[in-house]
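Here you go, one structure.
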Amino acid sequence: MSEACTYTADEMMTVMASRLLIDGQVCFVGIGLPSAAANLAVRLHAPALHLIYESGTIDTRPRVLPLSIGDGDLAETATAIVSLPEVFAYWLQAGRVDVGFLGAAQVDRFGNLNSTVIGPYDRPTTRLPGGGGAPDIALHAKQVLVVLKQSPRSFVARLDFRSSPGFLGGSGERARLRVGGLGPAALVSDYGVFKPSVDTQELELVARYPGVEVESIVNATGWPLRVAAHVEVVSAPTVEELQVLRDLQQLTREAHSRPIRLPI
Amino acid sequence: MSEACTYTADEMMTVMASRLLIDGQVCFVGIGLPSAAANLAVRLHAPALHLIYESGTIDTRPRVLPLSIGDGDLAETATAIVSLPEVFAYWLQAGRVDVGFLGAAQVDRFGNLNSTVIGPYDRPTTRLPGGGGAPDIALHAKQVLVVLKQSPRSFVARLDFRSSPGFLGGSGERARLRVGGLGPAALVSDYGVFKPSVDTQELELVARYPGVEVESIVNATGWPLRVAAHVEVVSAPTVEELQVLRDLQQLTREAHSRPIRLPI
Amino acid sequence: MITTLSAMIASHVRDGDCVALEGFTHLIPFAAGHELIRQRRRDLHLVRLTPDVIYDQLIGAGTARALTFAWGGNPGVGSAHRLRDAIEHAWPQALSWVEHSHAGLAAAYTAGASGLPFGVLRGYLGTDLRAANLSIAEVVCPYTGERLATVPALRPEVTILHAQQADQAGNVLIRGIIGAQKEAGLAAHKLLVTVEEIVERLDAPMNSVVLPHWSVTAIACVPAGAWPSYATGYYARDNAFYVTWDEISRDRQRFVAFVDRYIHGTTDHAQMIGLLRADGLLP
Amino acid sequence: MITTLSAMIASHVRDGDCVALEGFTHLIPFAAGHELIRQRRRDLHLVRLTPDVIYDQLIGAGTARALTFAWGGNPGVGSAHRLRDAIEHAWPQALSWVEHSHAGLAAAYTAGASGLPFGVLRGYLGTDLRAANLSIAEVVCPYTGERLATVPALRPEVTILHAQQADQAGNVLIRGIIGAQKEAGLAAHKLLVTVEEIVERLDAPMNSVVLPHWSVTAIACVPAGAWPSYATGYYARDNAFYVTWDEISRDRQRFVAFVDRYIHGTTDHAQMIGLLRADGLLP
């Protein structure tokens, strides 16, 4: 496979995230980039990936990327549709989900996530949408993948609010929650990939994208970043990866711009 | 309507029980005589009676009397089929049932029921089927109708086991359970009808069937029976009541003796 | 029990009520929400797993004093600007809120539907939500000693749902993504339902989700009543409008103008749809 | 994952296991129960809301040391004579039991399926069941102070279900009365399913009850595998056999002869059905 194409940082991030999904896994998918990455993986190396959206659609195979977490396409192509209380109790909390795929507004060095507020909780400067299902996914999915565009404002030393637990303060603190989920397995940004260190569970840079220097990654991080002894250079998106992703996004744009027809 | 026919004590009891159901009520139906009485009521004076069987069949309209609580006919004619956890939690426990219809092996003077054992619990002389859904129905249905053939062995001074609460020790003790159900509204036997007295909640004889003397009812009761100042004489089954009941039972016998066809 | 939407809202929703409009992305009762605005309800305590565009409209229009929720935004698009403005700047009035996770709010509805005073989940651990929402408490498992989170049962005065069909008796069929609609509906003291159509016989295969008529308080037939959300089998989600909403709702004046023209300026949902079409906001 | 019934039972059910065969009157996995007898499993802890004829057979054949249940009888007919004989006279061996109400056992399955250690209900009040079943405990509502009953979560090693269809991938469709099948199935460590047929594509309208294949451990195609129970869409309940069972099961010798001839004397379900037909016990 050639890798001659040019690509955007967003595309690299989406492709990278999709590569982390393993065929046959049960994947609880959030909307946006996680959904794009999961659906890309299905079309590339993970045709038997099991997608669950929190709208209760189990083993769904959306034909285009859903705009919302409950688009009709998800229902029409699902093996089963269950209620929201059921999807959270019988499927997520019971430990049937291998990978939870989360975005956020802020991440800290231990993979804890904020999607709630910027500023004080009671008088926020920016009120974000809130946790939704993320706090539950972060607890119960066997492992979590976090995808987040990187800057010192998103990779922060101290979260304004902890919406979803990563490794808490690290060094085994999460284990004391006594839940089935093991916490973040990886953080994927538009600069590279971070994984928890074995001892402190602090995220460290383990891989960077082609042409992205370690120094710029350190500068885009709001805490003193640990860098692995050997930082791998990720291979650029292949022609096939880019083609499949772009086709999917094109189909998605077409589908979502198709005018709807109301029965009145 | 004439009342010239002869009829059995069982028929009188079934007709009497059916007369106590009011059109439009939501009725949680047990199998056997309660089911016969409820389905008879539907065909007579209560066409809008809502039947729920604990198999999760809501607003069902069986074409014949089901032999089991989950016959296929119940599913095929139901407005909705829900799971058993749901029927007990969302429908019964939540207080959506007006009338629960229960049988038992023993009843005491306060309408408490035994359907569990005769003899000691751990070494019973007779092991009965057990409570099933009855303990839950007895707590949560707004009112309960009990139907039971009468003898000193079934109308007992002291239950061998309390499977389902009636008025407990009477005089308001049940109210301390703080549940939505008000307890037994009436007990229907093959001799007559008993209702709780206002003060002690002890069951007293309020009505007898034609030709059944108060003395024989007292003799068929295992405790010193309270008899109301005025004991009404219930009217005998009408021709229509008997005809509809017997037609239903005939249809039921035919349906249940029809040989099944297996797909192998 | 079958009535008009305006009569249904007029009869059953009071100022100050706790009201849940449910529908998880799918079957959101938009027309009913607009009618709440049209009838100028005030001081509502709004409950919803995902206060998205319909609650943005209700909050911006000043119907709400409080919100119980788990996720508030414009799905796939971005912020719920009116919700943000209410929380960040108390516009058009102050809004108090109680914040849950999805699993927590689902458990609260389920407890309400089950007649239990609380719901139990293994949740809120390691989050600041626990401290932000004082109604989250704990019970200790009598068998294992584990401490589990509890949420108080939700019992809205009124839940409003949109569904595909009702029959003449008032039995209601919900098809497709069902979210927590049944739980929210059965948790409420009154359940109001708008439907796409009233039919002779529900198009309901065995094991469909059907609410028997005696669990429903009132029904109104409102075709396209979920627009810009959708109704499986009837019409698709108007994703374009969700994007347009981002522009309309960013600006207070533009928002007010939208509400004045399309909601207060019309008498019902059909008229509103007509006006949106005339203005090119709907195809 | 699609295999034969005998291989499925041989691979996945051990002596001493806690095993639930569920199906509320409908879709009772009789053929799988017979296979447990045929393979002479011992010391099972059997769990079932309504231990009816299939558990009467399993208990009479000596497979069980313990029973967790809510109602044990022959539905619409009378006693479960073999169950009674085990409790009343320890024949063929002593049987211990844990007794619930339907709502309690349903809550225990639901807790198991939900990964919670206990279930909560407003139940067992004013009954002697509370004293008879020491596993029933209490929690106090942190909001109202009300004391509610708890039941420990049920997590059987194996749950066995019968269903109408599986597709080639192993997705399972259950139609009609569903009882607590889903909860019992998801509560178990291993879920075994017999089905009427394996199809290319499930005959499953939207909102059907479908278990995805990765929640199922193994599947065997056993037509008529629920007989004398039934499978909606395939065959009706054999009410006549339930009546006949009353006679067969009343007498130890007759029961033993039945088990010897029809279960131990055959190699599989189809052969058993053939022999029952030859003997006039089936039309």
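Descriptive notes on the structure:
For clarity, chains are labelled A, B, C and D in written order, and residue numbers in each chain start from 1.
FYI, contacts are C-beta pairs under 8 Å (C-beta built on N, C-alpha and C of every residue); 3 or more make two chains touch, one makes a residue touch a chain.
Because the structure is a prediction, the values reported are computed rather than measured.
Comparing chain pairs A-C and B-C by the number of C-beta pairs in contact, the larger count belongs to A-C. Each chain gets one centre point, the mean of its Cα atoms, and the points for chain B and chain D are 27 Å apart. Computed centre separation for the pair chain B/chain C is 41 angstrom, with centres defined by C-alpha atoms. Our note on geometry: chain A versus chain B, Cα centroid distance of 57 Å, whole angstroms.
Residues of chain C found to touch two or more other chains are 115-116, 121-122, 146, 176, 178, 182-183, 206-209, 232.
For chain B, residues that reach two or more other chains under the stated contact definition are 75-76, 81, 89, 93, 140. A complete list of chain pairs in contact reads A-C, A-D, B-C, B-D, C-D. Those residues of chain C lying in contact with chain D across their complex are 115-118, 120-122, 135, 137-144, 146, 148, 150, 152, 175-176, 178, 205-209, 232.
Partner chain C is touched in their complex by these residues of chain A: 31-32, 54-57, 66-72, 74-76, 81, 83-85, 88-89, 92-93, 112, 116, 121, 123-136, 138-140, 161-165, 168, 174, 177-179, 256-257, 259-264. Partner chain D is touched in their complex by these residues of chain A: 26, 50, 58-59, 75-76, 79-81, 89-90, 93-96, 140, 180. For chain C in complex with chain A, the residues that touch the partner chain are 24-26, 49-50, 69-73, 75-77, 79-80, 83-84, 87-88, 99, 101-104, 106-107, 109-110, 121-129, 132, 146, 176-180, 182-183, 196, 223-224, 227, 230, 232, 234-240, 242, 270, 273, 282-283. Of all the residues in chain C, the ones that touch chain B in their complex are 113-116, 171, 182-183, 186, 206-212, 214-215.
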